[in-house]
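Below: a set of structures, written as structure tokens.
Note that subunit A is present in both complexes that follow, paired respectively with subunit B and with subunit C.
Let's look at the complex of A and B:
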């Protein structure tokens, strides 16, 4: 989100309080979120993609809703489907109205393509509703489809091939394909929300959610760009009528928004000037300077991400939706386990619920020793968290680094519990904090540098043995 | 019981506060004071040349208009003149600044490496105050500011391109310092118009916080880029592939708006040159006619290079030589001091080896004219 977009959303939040007299808040958020999905989508060189990707997000949401609905569809769902169709066509029609064309980053396609795409998605949703609703095979297929899409987007060779294919479909030169073509706004978060819903439906834990609220949940505009990954049963009840933005609420939202803006646009963007990157990694030869660049990167990535989360939470509060915290002072934690309980909390919770817990249960069920369960559980979970950022070796290395760190901390905690160290608790905590901070900072080397040679060089300079 | 917030009141209060802050900013004009605030020469080492950057993200350097900030970031600002220092300032265009050259390869670095010493035993220390736009008036602006740093000698490399009156106010640095430029025009009675529309005048809006946001951002970016400058020593981005200057030339006899056979003397800013020497006062100024590429390709009988037709450049050299003799200026004509294969993207930008050749010639001139000898 740009500063202008954030300010426009904040302005809408202020005005919305007046609109609730005439317009239901849930409908307003539904319409705003659908339009924002198109508006926030980055531009792409692939023809019509900036329109088709948000349309696909909405289509996937409708499809998953149809698969997971525990009841028959009702009148409100029909209104929501009609509203969704109208809004999608409105964005397409905006190509004819100059001021409205800003709803999409590129000139939207003609109505025939929009209508065709809608018809296809509607047919898929109806098919899913009639044939697959609530059925395990269909729900599992939905999970596989979403994982497949994530892999295609996050794996550079697959993303390149997908881009080439899409270019070919649109009559463009496939040779010009780039992995940057497929900037599908918020898909990592959308996919994980949808998988959460599918998995909860499979487990029989999913409550009843109408199409309107479901779509809003999936593409809720404050959380579309950078999360957090909210749970549906926590989100949807907040759309009930009765919310009034009072002075205290406004103050809280304003503070949150302001702190997010400062974190993102002042601190993170300022630190970006001298944070570690693949170019300056080779230009620095002094260990102290390299540590400074690495520290700047560590702070930058925190302020960037936590800043966006704070902005999302602040904007959400303006509209009466309290989004979950994603960062709770992670760099002040005395050990790695606590760090991961306070860094990208909703992602870690998602993996804990849908991968770590079932996987370690499965391992225990097969009689694996505890230490092996912990090791395999941490390595695989953190490896997947790494790959969620991108299917490249460096993100995998970053994940495994943390997996090993978590395992080591687990073993150390067991050891120290049995044989307490003769250290002042504050000193022990301070040493733990320092060790955690250094470990996490070193881990960012993997994250920041895509090439193994770059990372090896930086580790060498940090240790004082490099060039 | 909670009360609904009033968006109208909030917006009005915010607008009022915003206007007030902008008015206060415009009234107190903190930009000059902010320009002096610098991390350089304190937390960070001073830069070896004035800030300038075509590609800030890769050069860790940027172009800005605040002379105060530019000088505050320069090592000259943080180096008190020692008793045994013979201070030499180099002003001029991009060839002095060192376009496409690392700091270690600039003319200033080559002269410092020569280890020159004054007759009284003071060590000659050279400072790079070149700035990559070609205009004598811009050089005068920098010289005027630099005189606060007590130079013992000023070296001022020149080329014809810096002389046409029509180009004097084309430098953005000059355009954005209209008060200083205007004062120089009036003080030295220069044939330039202080009310020239090229000068960027600041109205009330421009003086506000909102109007100054770009300049404020530049000040901040200059400090932030300083970290990587300090960490890497990089302050210029040199592309791997540089397009060489033209060797085969157009059969074009024009020089800018001038046609042969006469280059009207009144159209050249010799007065600005004289003003610079006057501004230096007791401090001697060594004028140098810069080396340039001399083509032997197509149409080289008409033009020396892509910059200059032969007739115009020959007249310029004659005039400069004559004027230097008439006014008893210190002058060295080094237009052919560098081998022809030592020029890079323009007929005046030099390779490191070319810069060394020029430095040797300048060192010879310094020895002859100012008794600066190698230790």
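Let's look at the complex of A and C:
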């Protein structure tokens, strides 16, 4: 989200507060979220993609809703389907109406392509509704489809091939394909929300959610760009009528929004000038300067991400939706386990719920030794969290670095339980904090530098042995 | 019933997870958000609950939001066991 877009959303929040007496908030958020999915989508050199990607997000959401619905569709669902169709066609029609053209970053395709795409998605949703009925095979197929899409987008060679294929379809030169073509706004978050719903339906834990609220949940505009990954049973009840934006609520939302804006646009963007990157990594040969670059990177990535989350939470509050916290002072924690309880919390919780816990339970059920269960559980979970950021060696290395760190902390904690250290608790806690901070900062070297040679050089200089 | 569950949970957590059988946990002490129980021990705790009371804690429920204290966990077990 750009600063202008954030300010427009904030303005809408203030205006909407005065309209709820006449306008249902849930419908307003539904319409705003659908339109924002197109509006926030970045431009792409591939023809029609800035229109088709948000359409695919909405289509996948409708498909998963139809697949997981535990009841028959009702009148409100029909209204929502009609509203969704009208909004998608409105964005397409904006190519003819000058004031509406800002709804999409590039000129949308003609109505025939939009209508064709909608017909295809409607047919798929009806089929999913008729055949799905909560059957495990269909729900698992949905999970596999979403994982397949994530892999295709996040793996550079596959993203390149997909871009070439899409360019070919649109009559463009496939030779110009680039991995940067496929900037599918918020798909990492959308896919994880959808997988959560499919898995909860499989476990028989999913409650009843109408199409309108489900679409809003998946593409809720404050959380579309950078999360958090909310759970559906926490989000949907907040759309019930009765919300009034009073002065206390306005103040709280304003504070949150302002702190997010300062973190993102002042601190993070300011630190970006001298934060570690593949270029300045080679311009520094003194350990102290390299540590400064690395510290700037560590702070920048925190302020950038936590700032975005704060903006999302502040905007959500303006519309009566409390989104979960994603960062709770992670750099002040005395150990790595607590760091991961306070860094990108909703992502870590997602992986715990849908991967770590079932995997660990399965290993424990087979009588594997405790240390091995912890090692395998932490390495695989953190490796996957790394790959979620991008399927490249450096993100995998970052994840495994933290997996090993968590395993080491677990073993140390077990050891220290039996033999408490003869140290003042505050001193022990301070030493733990320092060790955690250095370990996390060193981990950012993997994250910041895609090339192994760059990372090796930086580690060398940090240790005072490289040039 | 609830007091009995709390006492049994307390014994298990202090002796098996914290390795401090002499310690007594308060029923309202934050176990997960307070850093006493890590994610691995949480899975072990859920296996213990399943074994002791035949109550299944779902993988998505092993977090501080569902239960963070002995009081809350005992309430969950009591509600499901009945």
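What we mean here is this: the second predicted complex is superposed on the first by the 467 of 467 C-alpha atoms of A that agree within 3 Å, B and C clash if a C-alpha of one lies under 4 Å from a C-alpha of the other, contacts with A are read in each partner's own complex, and residues count from 1 in each chain.
Note that a contact is a pair of C-beta atoms (placed from the backbone, for glycine too) under 8 Å apart; a residue touches a chain by one contact, two chains touch by 3 or more.
Worth saying up front: this structure is predicted, and the values here are computed from it rather than measured.
J.: Sticking to the clash and touch definitions up top, decide whether subunit B and subunit C on subunit A clash or fit.
T.: fit
J.: State whether A:14 touches subunit B only (first), subunit C only (second), both chains, or neither.
T.: first
J.: Just subunit B (first), just subunit C (second), both, or neither: which does A:292 touch?
T.: The answer is first: A:292 touches subunit B but not subunit C.
J.: Taking the superposition on A as described, I'd like to know which of subunit B and subunit C A:310 touches: first, second, both or neither.
T.: The answer is neither, since A:310 touches no partner chain.
J.: Examine A:352 and indicate which partner it touches, taking first as subunit B and second as subunit C; both and neither are also allowed.
T.: After superposing on A, A:352 lies in contact with subunit C but is clear of subunit B.
J.: Looking at the overlay, does A:68 come into contact with subunit B only (first), subunit C only (second), both, or neither?
T.: Neither: A:68 stays clear of subunit B and subunit C.
J.: Could you tell me the angle at the CA centre of subunit A between the CA centres of subunit B and subunit C, given to the nearest 10 degrees?
T.: 130
J.: Of the partners subunit B and subunit C, which touch A:44 in the superposed model: first, second, both, neither?
T.: neither
J.: Have a look at where A:270 lands relative to subunit B and subunit C in the superposition and call it first, second, both or neither.
T.: A:270: touches subunit B, not subunit C.
J.: On the overlay, how many Å separate the closest CA atoms of subunit B and subunit C?
T.: 28
J.: For subunit A, which residues lie in the overlap of the subunit B contacts and the subunit C contacts?
T.: Correct list for subunit A: none, the interfaces share no residue.
J.: Any idea which subunit C residues touch subunit A in the complex?
T.: Contacts found on subunit C: 18-20, 32-33, 35, 38-40, 42-44, 46-47, 58-60, 62-63.
J.: Within the complex, which stretch of subunit A touches subunit B?
T.: Its residues touching subunit B are 14-15, 17-18, 244-250, 270, 273-274, 279-280, 283-284, 286, 289-290, 292-293, 296.
J.: If you look only at subunit A, which of its residues touch subunit C in the complex?
T.: Counting only subunit A, the residues touching subunit C are 199-200, 203, 205, 335, 337-338, 341, 349, 352-354, 356-358, 360-361, 364, 373-374, 377-378, 410, 413-414, 417-418.
J.: Under the stated contact criterion, what part of subunit B meets subunit A in this complex?
T.: Subunit B residues touching subunit A: 2-5, 7, 10-11, 58, 220-221, 224-225, 227-228, 230-232, 234.
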